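Working notes, beginning with the structure itself.
In order of appearance the chains are A, B and C, and numbering begins at 1 in each one.
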Amino acid sequence: MSAVIPLRRAEPAFEPGGFANHATPAVRNCWYVAGRGSEISRDLMRRKLLGVDVALYRTLAGEPVAVRNRCPHRSFPLAKGKLDGDILVCGYHGMQFDSSGQCVNMPSMPTTPTHASVRTYPCAERGPLVWIWMGNPDLADPALIPDTHWLNDPAWASVTGDFHMKSDYVSMHENLLDQTHFPFLHPGTVGTPEYARSKLDVREEDDRVIIHRALRNSPPPGIYGVPAEIMHKRVDRYSDSQFASPAMHVAFARIVDPEPDHGRPSQYRFNITHLITPESDGAIHYWWFNSRDFKLHDTDADGFLKAASEQAYLEDVDALEAILEVVTSEDEPQFDLNFAPDKPGLLMRRILHRRAAEEAGHPA
Amino acid sequence: MSAVIPLRRAEPAFEPGGFANHATPAVRNCWYVAGRGSEISRDLMRRKLLGVDVALYRTLAGEPVAVRNRCPHRSFPLAKGKLDGDILVCGYHGMQFDSSGQCVNMPSMPTTPTHASVRTYPCAERGPLVWIWMGNPDLADPALIPDTHWLNDPAWASVTGDFHMKSDYVSMHENLLDQTHFPFLHPGTVGTPEYARSKLDVREEDDRVIIHRALRNSPPPGIYGVPAEIMHKRVDRYSDSQFASPAMHVAFARIVDPEPDHGRPSQYRFNITHLITPESDGAIHYWWFNSRDFKLHDTDADGFLKAASEQAYLEDVDALEAILEVVTSEDEPQFDLNFAPDKPGLLMRRILHRRAAEEAGHPA
Amino acid sequence: MSAVIPLRRAEPAFEPGGFANHATPAVRNCWYVAGRGSEISRDLMRRKLLGVDVALYRTLAGEPVAVRNRCPHRSFPLAKGKLDGDILVCGYHGMQFDSSGQCVNMPSMPTTPTHASVRTYPCAERGPLVWIWMGNPDLADPALIPDTHWLNDPAWASVTGDFHMKSDYVSMHENLLDQTHFPFLHPGTVGTPEYARSKLDVREEDDRVIIHRALRNSPPPGIYGVPAEIMHKRVDRYSDSQFASPAMHVAFARIVDPEPDHGRPSQYRFNITHLITPESDGAIHYWWFNSRDFKLHDTDADGFLKAASEQAYLEDVDALEAILEVVTSEDEPQFDLNFAPDKPGLLMRRILHRRAAEEAGHPA
């Protein structure tokens, strides 16, 4: 009846062929990670995702449910209410919603207002992750959830961690598609000078950007070489790294030992999964998994890889937060320079820009 | 000579027949509580009221004075100055103002600039409260101050408290006009399920909204039943609750014991006074009084009623702050659903909207 | 290629003959103090100046260099990088810049992108201060740096201090040009009632505002009289105080003792230098020096003058922060009253307004 006036914000400017930046609205028609399955339980939980306050819980049968954290009656945050079986009960007037969001009781009314409902968001659980679709629900095809089967495959062992970052998903994806920063930002872990200069093949395919690199007869970086116990060798490195969706970057790395010692593998594989969900302007949720196909039950390898990954990603977090802070606190405009190795990032930024413009109904 | 540029804010949108919400400017032509009389003294005090910084003090004769906390010369906050008798002296250049706001001396000038003055706001003291009129001073008729004589009547005993809340006066008044939330938000104090479903009469009268409820042969709620020592009985409850002005909600509750024990009253009365003054966007001042006409000098009753009231109001504060936080932090628009029991609140919101629109010179 | 969208801000309103206030953009074509020379070293340092993030360092030869703290490639703050000789190396991709800002290496590129550079700002060191020019570099004539030779002259001894203030340079300059506030804001130090009422000559000259005061046969203020040991005397006071530039106010004070005791000077001189650099909206950097031409190596005099100055300036800081807080937190517009003694401040505000308007391309 009376609309709550939203906060005023600058209209995003879409130009044909433009590139997304920190100020571009997030693509909504996409599966994003809402959280780890282990976080979502019978205790109501609140998380902001793509600018929307969301309440998350599981039904008695264990299905994850995501509902707008705002009662349609008087905007009370539903995560401050309670669960009664599979019914979510608002803490203000006791309005009740089933897991589809349909109102099933309003205690102050003699009959149930069946026209009333709260928006729910399609959810799907895959391995350790719960995915959510914040866009047009008619488009929420579970087949679009990116493949992460290795996170749930006994042939792989994973370590994992997460960050809540004051950054944006564009900068984060650009960082992940860019390996030329390794020797400078991550000298202690993944960065080797040879790698930064190795030739890369880039291709764009179905709104994904895929980079292939091969580097032969080179010393391994510590993060791979130490757990594989091949730091004294020269190896061949292969990597396929891809912007898989606005929600995910994945890198498939392979280290080949051309002359393995007796009883040792000739190849070591690492799948690095990065999951990024915009929270609100200026903040993102970030989860990472470092998976390997060897030493599956080796707690030393776990410990080393978790520590080394965390150090490298913390360096990224620190850099990206510093960038956004400068970008948003200065009044001066800046036009970024681009170089040849920025091509993968620019392809990704053009995809994010085009999709955001389409969703906003702008020609792009 | 040169105007200080005010902060930019969105123009409020007034639609004919619309309903006030958290973003609607506060009605200014109204008496609001500026503070407790006990707070206002010979020590200069600062308080923000309806977006205006106000300095408060008492003259030597004890009269409360409210003056804009901003010297008309160079905007120095006058509450950081000092009192010299009934003269307020600015702490920056020593400019002096009498209690009407008229400049009576500017030390750096050979003659007094008699054209200079600072705005004062009409004040009036009633019982424990000092009221202020922040609107058009020509309309500041003391007869418009709402009746609160029971706060100063020896036939009544009161307990009191206050909150500084991150909320808005619309939500606060709506909460006070709405008793259907009692069983859900206040299960331990005022909420009984029977009460939430009891029939109410609503009428609008002279920009007030008055609700009458009667509930016969029902267990008393703890907050009334315990001090009256009638928790074991079934009683009749009568309540007249009203939106008395933008500044005040008052509830007159009566518990009738149809079969009083020997020497016991057949009726217990409670007047609950809620005083609400917008501070600035997103914050309000709130004072409450719980007054009774029995056990006038009973400190146990005082203690019980203060603790029970504070618990119930803290639940309201917590709920209303959570609502405003969601409403103002999300980008998504929301259209609230309304139900039949929301009628009193909607009548109140239409009054606040109409009066704000009139003050802004908008047709409404 | 794609511009980072700057924050939206209200367009400044320039009216012909108007007066600068807290909301007027800072004049940029001016030498400002970037910092003390002692702060700028081989360790990269970051400071926000006129809304721009600046990285400061010294070359191996000791020359101060100021460079925009934002890599032109991906906006990484260069102060988080490192120095390699006189080469500034970005911490993200290792892009290298010489002290003129020219890119001299981009590790990920086979050849150096010679079109790339980062903006540098002209710097000049004078005595204990490093000055910077944030405006049009073609106009950065070192001859425009205001004279502060006494800060580096063995005939003078100085004490110094600094503040980071939540204020604006207009209010600060107005405060410094105004001595009528001395008895009220600084009763314990510089304020004497006679002084506030003494006649002043004001003249405007080359965008400077110069005030001359003379006060004969008067008790000295403590801040001058105590170190000169003449508190028991009546003296003649002369002062030339000037708005020397948007970056500096300087006061030349002279106390003449008409009947000096045997072996005592007949005159004591004090040069008070105030250096003000806008940081961003709502904040300024402020450095002060209190210099004297007697008791050059007297640590007691140093201690007294530093403590007394700090007390007086802290009173100014406190007042100016209180003013800006009121001015920017209220919604109500205010038109400041002006009195005859405000003339110097108004002349200065007209200069700042005209110069800001010219720089913005507005007629003024």
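The definition used in the following text is that a contact is a pair of C-beta atoms (placed from the backbone, for glycine too) under 8 Å apart; a residue touches a chain by one contact, two chains touch by 3 or more.
Please read these numbers as outputs of a predicted model, since none were measured by experiment.
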Exercise. Over half shared or under half: which fits the residue numbers at the contact of copies chain A and chain B, same or different?
Worked result: different
For this session: Quick one: superpose chain B on chain C by CA and send over the rotation angle as a multiple of 5°.
Result: 120
For this session: Just give me the whole-number Å value for how far the CA centre of chain A lies from that of chain B.
Result: 47
For this session: Would you mind listing the residues of chain B that make contact with two or more other chains?
Result: none
For this session: Name, in rising order, each residue of chain A that touches chain C in their complex.
Result: 10, 13, 15, 18-19, 21-23, 171, 174, 178, 180-181, 183-185, 193, 196-197, 319, 322-323, 325-341, 346, 349
Problem set entry | chain C residues touching chain A - in the complex, by the definition given at the top | 1-9, 48, 51-53, 68-70, 72-77, 80, 89-94, 106-109, 113, 116, 280
